[in-house]
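Okay, so subunit A shows up in both of these, paired with subunit B first and subunit C after.
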Partner chain A sequence: MTETAARKATGPAWPRLGLTQETIVFFIAIAFFAVFAVTLPGFMASDNLLSLLQNVSVLGILGVAMGIVVIGRGIDLAMVATMAMSTAWTISLMNAGTDAVSAVLLGLGFAAVIGIVMGILIAYVEIPAIFATLAMSTVIYGFGRLALVDLDVIYVPEDADWLRAISGSVSGVPLPVIWFGLVALLAYAFLRFTRRGRYIYAMGDNYEAARITGIPVRPMTVLQYLLSSVIAFGAGIITASLLATVNIRVAQSTMVYDVILVVVLGGIGLSGGKGGVRNVIVGTVLIGILLNGMTIMDLSFTLQNLVKGAVLLVAIIVDSFVNPRDEQTAQQGDI
Partner chain B sequence: MKGILKGALMALTLAGGAAQVAQAEQFDDGLAPQYYNALKDKKVVFLPLAMSFDLPQVWAQGMQTQADRLGYELSIRDPNWSSDVGAQALTTLISEKPDLMVVHNPDMQVYARLLARAQKAGIKVIQINLKSVATTDAYVGVNWYEVGVHQANMAIAACAPDAGGSGKIAIMQGTPTNPNNAITMSAIEDVLAEHPEIEVVSSQSADWDATKAHSVASTVIKQNPDLCGYIGLWEVMDAGVSAAIREADKVGEIKLFTNGGGQKPACDSLANGAFTGYVSYDAFGQARDLTNAIAQVMQSDLKPGEAPYALYTPIRDLTKDTMRDDSCWTMDDVAKAPF
Partner chain C sequence: MSAPLIEMQNVSKDYRGVFAVRNVDFNLHAGEIHALLGENGAGKSTLTKMIAGVTQRSEGEILLDGKSINFATPAEALDNGIAMVFQETSLVPSMTVAQNLYLGEEKLFNRLRGLYIAAQQFLSSLNFNVDPWANVSMLGAAQKQLVEIARAVRLNARVIIFDEPTATLTPEEKHYFFSLIERLRKRGVSIVFISHALEEALAISDRITILRDGELVASDTTDKFDRDSIIGHMVGRSLSDELFYHKHSEDGARKPGKKVLSVENLSMGSMVRNTSFSLYEGQVTGLFGLIGSGRTETAKIIAGVLKRNFFHGGELRYLGKSVRYRQPHKAVMDGIVYVTEDRKAEGFFDQMSIAENIYMGDIVTNPPPGGLTTAGAQQKITEEWSKLLQIRAINPNAKIVELSGGNQQKVVIAKSLTQKPKLVIFDEPTRGVDVGAIAEIHKVIQSLADSGIAVLVISSYLPEILVISDRILVSRLGRVVEEFSPSDATEEKIMYAAVH
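Let's turn to the complex of A and B:
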């Protein structure tokens, strides 16, 4: 076989550098970091770097939850609605005089029920995840507004010191960063070292094959959505603690797309089976660096959105050149 | 049997008595009958931005109390923040022909043509808290420019170098394209243009979202160690700014000036130092203005839109020192108040 023929067989004449999207995004993040460090005074201050991380901690925690679902070839569009409504219910119960433990348990239970219902709809009723969770997000918001809370903004009661403490800091490190680290570590251990974690990869890689092999794919699907909902509740409590308010309008915002952005940017393919917690961290840190740098530069709202979009686009374009899709890498169910 | 008959008879007498009270003639002082007849059995529809926040709840409570007193029927169409749904509701309402519509505009353009059509169709229209480019029978609400002027002046008074401040302030905007954001900002810019000693170190948007406001403010505060003041454009979003100030351990050092409808949590925040200054447009007072405007518009025999007028809300600046026990209201106060 001549050299040209060999090249034709492997697709475009781009050298395969062994770069994954994760490494590409990692390098983009390093590049931005270096540029900001040189050009923006105060960017490198340890205070600023900590606040950079803190500002994306909640996004990162939600990203880990979304990552678990996406690796198993699902998607949870109801995550932000679950987070908002379950937390809002907990806080409004506390305002109405319910003791903190019961209020938290009820909110957690509500989130868990949502996760289980979504899992059952997807695994047993066999509704595609994207539709099931999209519909559920409206149901959760509607039900929450009807039965649980009647205000958009709920203030955390003045005497809830334990709740405020959740977002405090330990020897200078903001607690939300530590929570993000902890959630990431647990998710990493789960996906890497437990049998159920490996099942999720198997299901994401080839659902039918996993099923034939004897993996309990349906209960596993329910478990995925249960996990993502429960983690979302935790992220909600951290947000409530940080801001001393809960705003349920976030349920109807575009925040869930930011979460998906973090996951996809880091290199967890929406077709499932690929990536891990490290990808989420890389994606989150890039967004954190960008947001922080653009805030220091005092860029306008519109320009910031444009930059975020452009960076995602660049990452995807570079990825499609470096890792071209062909019959071997393409999977059934690719979006 | 006798007992039942007796009971029934008594009930009948009572019912008759009640009917008589209701039918009693008004004392005619030359205006009273006209006032009461103007609203009796009329249909009033309220189209808010959404019913899930304090302002529309207060206005609706005021109108409901008035409706119970004067015998009109109040119905609420809640579009839940969607201007499309709101526009559809307006279109339907134009063919339903209520006697009066109270409309809370999401921006200055989106309902403008529909409001003009409604007036042509013979429906009276009152706009509340944000005026559309279309002028209708009455506008009740805040003048956002005035709010911006007050906020800027408070910040200047606290942060100007000759008052001992560093002269550095930051601004937290909501969504720049929203008219109340744009109008308030132009006021702030106009005032600051006359004060070159004040430097705006950051003017960012947080999309009315406290989480985003917190992220931005925490970065800005670390970047500008000598920041003196923060102007925020809405109290709910500014909870994020105040959280960032608290985290940086700079409560009192960085002064936060915000605005809102004057509900209880605002005064709590002033008392505990989370807010330094608060421009209140007193939604409770607006409810009274609104119900008065309803009575006024309905008594007039003019055609819809023939003699438009405005009731701009008197706003007031609240600080910890100027604040009094009755400076803020609760929903309970509103529910118990006469309208």
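Let's turn to the complex of A and C:
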């Protein structure tokens, strides 16, 4: 094959660089970083950079959890509700005098039960994930508010030093960042090097083929939602530690869409089977830089949402130029 | 002969430097039936898609009535009288047959009754037995194909391109289809049809063009060709002896070993009706049946692929135990694998590499130590099976979608065979597979039986059934109705048992 022929087929030379959505988003993130560093006073201050990292850590952890589900062609819209209610229960149990270990185990167990119930609804009852988790998120919130916690805002007890320590720092590095790194590393290893990780990719890629190949698709689906719920509980504990409160109204906020934004922006296609933890990290970094910059600029919440949406659109448009959907990819059902 | 209606001059199409079609000169005359033949991946579909505006050429000229054309969309081609009927159906599944036929021509207020009456009359004028009220999603593959053909005919196209029109049709429907295109030709319509069925091409076409590896290797009137010469052109070697026209009965059929599976009075809805048969170790059992005879459904019940709520009754005994699989997982773990007839929809993982696809089968039944996958194990198993099945890929880490149909099929087969099965069910193992790969897949099937595995091969291609089976079952209307030994089976006898 001559070089010129190859050129002719793909148009300009730049697509040959092997740009993917992941690298594009990474470059956009660097560009934002550079622009903010030059134009925004105080952006490069080490305090600000640390708080930037700290603030995106929770989003990143949730993004990893969502990523695991989305790669398997699912979606977990109940993730934020699970996070809020399981953590709120743990904290209010502690307030009521339950010892920390039991409180944490109960909260974790609650999250795990939610995950298993969602997995069963999706895998065995065969309800589409988007409806099952949307309905579950309302059920979780309602059930939690009725039966588990009395208040919308729950304060972390004064004597819970271990909980405060979770969001401390080690030699200058905020611990939430380390937790994010740890979760990302474990998820990376799970997806990349284990048999079950491959099953998740296979199910997202072609569910029917995965079934026929003999992959236990139903238990695997339950496992995905179990993992995402349990990770969400962890993210909730870190949030509680950072803010010293749990505000269960977050369950009804748009936070879950921020999580989806991180995942999609990083390049994990909603059609499943694509991407990995690296994509989540890249998406998280961009959103983190963007949110931090906009906060320093003191933009309104509405304007911030508009910017986030626009960024997602740009990423998708650039991706469609760089990875054109020609007839051959279209035949394979590429979305 | 008059000037050609469509003239392609030196046309090429490449995908990022890989040529699907290269420097082809192809002529289509008014009122001729032109068969386009070639192995899978030879560029037949791409060539015709360029005429129909589905893809655009990279180089060369296409002339219609002497004027250069370059259609950007199929709709534009249609306006110029060129229609294409695709292999994969392009019907709207949630609409009725009549609605699909008149799609895009609805008035603001449709008279439904009129629509259905018109559709009914039109379909019967073509001799197509399709209910215009039926929802397309409820139709079988063959009936969908008929609707698709009817739609193209209705649009009064001057050129109709059929991509494998007969692959899913029953002999009766084929007969009507051929008489239909004969009538179309008399009306001056030019027909291009892509096919793997050489006998059909020889029987009905006026001219034959053969492509190999994207290049045109032969194009002439049909009387200049015979079966052997076509195969010779297609593969660049004479394969026909190796393929279908020998019977392996010199050394006799293999004797049955231990009974592996017995199916007793199995029923499921209207597709499988009270069918009974057995499969034995070390034997290839061929199962022949027309579309709608319940072959695939029976196989899918055995392998646990079809869901339990459709399961109506009967008993399956596998290795002496009564089994009732609700998910394929259990069946695969017990040694029953099903190699699908539709590799794209349920066979391979299209975002994965060849190696990852093959390894996926292995890790299901043979968990790696600690549940950890390794690149080394993946490479080893891929090398082993690529050699056994002669999978031709330059790089095992290339994506599977870059392979030709035959090689993709081999990867899907390899994925199942890594699972050390005791019973392998092949559903149309050579559908959409090029001639060279067919022989190799047949060899693999034979060697499985030689090594003592029970093999069931479902096929609607008679020469295939005759050449690979040690025992032939014929299925009709949901049940196995007859059994033949290969020495006394003939195409006529089998077909007689299969038609209803």
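Just so it is clear, the second predicted complex is superposed on the first by the 308 of 335 C-alpha atoms of A that agree within 3 Å, B and C clash if a C-alpha of one lies under 4 Å from a C-alpha of the other, contacts with A are read in each partner's own complex, and residues count from 1 in each chain.
Rule of thumb we're sticking to: a contact is a pair of C-beta atoms (placed from the backbone, for glycine too) under 8 Å apart; a residue touches a chain by one contact, two chains touch by 3 or more.
These numbers come from a predicted model, not from an experiment.
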item	value
Partner chain(s) touched by A:Thr39 [first = subunit B, second = subunit C, both, neither]	neither
Which superposed partner A:Ser320 touches (first subunit B, second subunit C, both, neither)	neither
Touching partner for A:Phe193 - first (subunit B), second (subunit C), both, neither	second
Which superposed partner A:Gln54 touches (first subunit B, second subunit C, both, neither)	first
First, second, both or neither for A:Ser102, with subunit B first and subunit C second	neither
For the subunit A and subunit C complex, residues of the former touching the latter	1-2, 5-6, 8-10, 193-198, 201-202, 205-206, 208-218, 273-274, 326-328, 331-333
Residue ranges of subunit A in contact with subunit B within the complex	42, 45, 47-48, 51-52, 54-55, 58, 145, 150-153, 155, 158, 169, 174, 239, 242-245, 247-250, 252-253, 291-292, 295-296, 298, 300-302
Touching residues (chain side subunit C, partner subunit A) in the complex	14-19, 49, 54-55, 58, 88, 303, 305, 327-329, 331-333, 337-338, 340, 344-352, 356, 360-361, 363-365, 367-368, 371-374, 401, 415-416, 419
Residues of subunit B defined as touching subunit A within the complex	50, 52-54, 81, 173, 175-176, 201-205, 207, 209-211, 214-216, 218-220, 222-223, 236, 239-240, 243, 247, 265, 268, 272
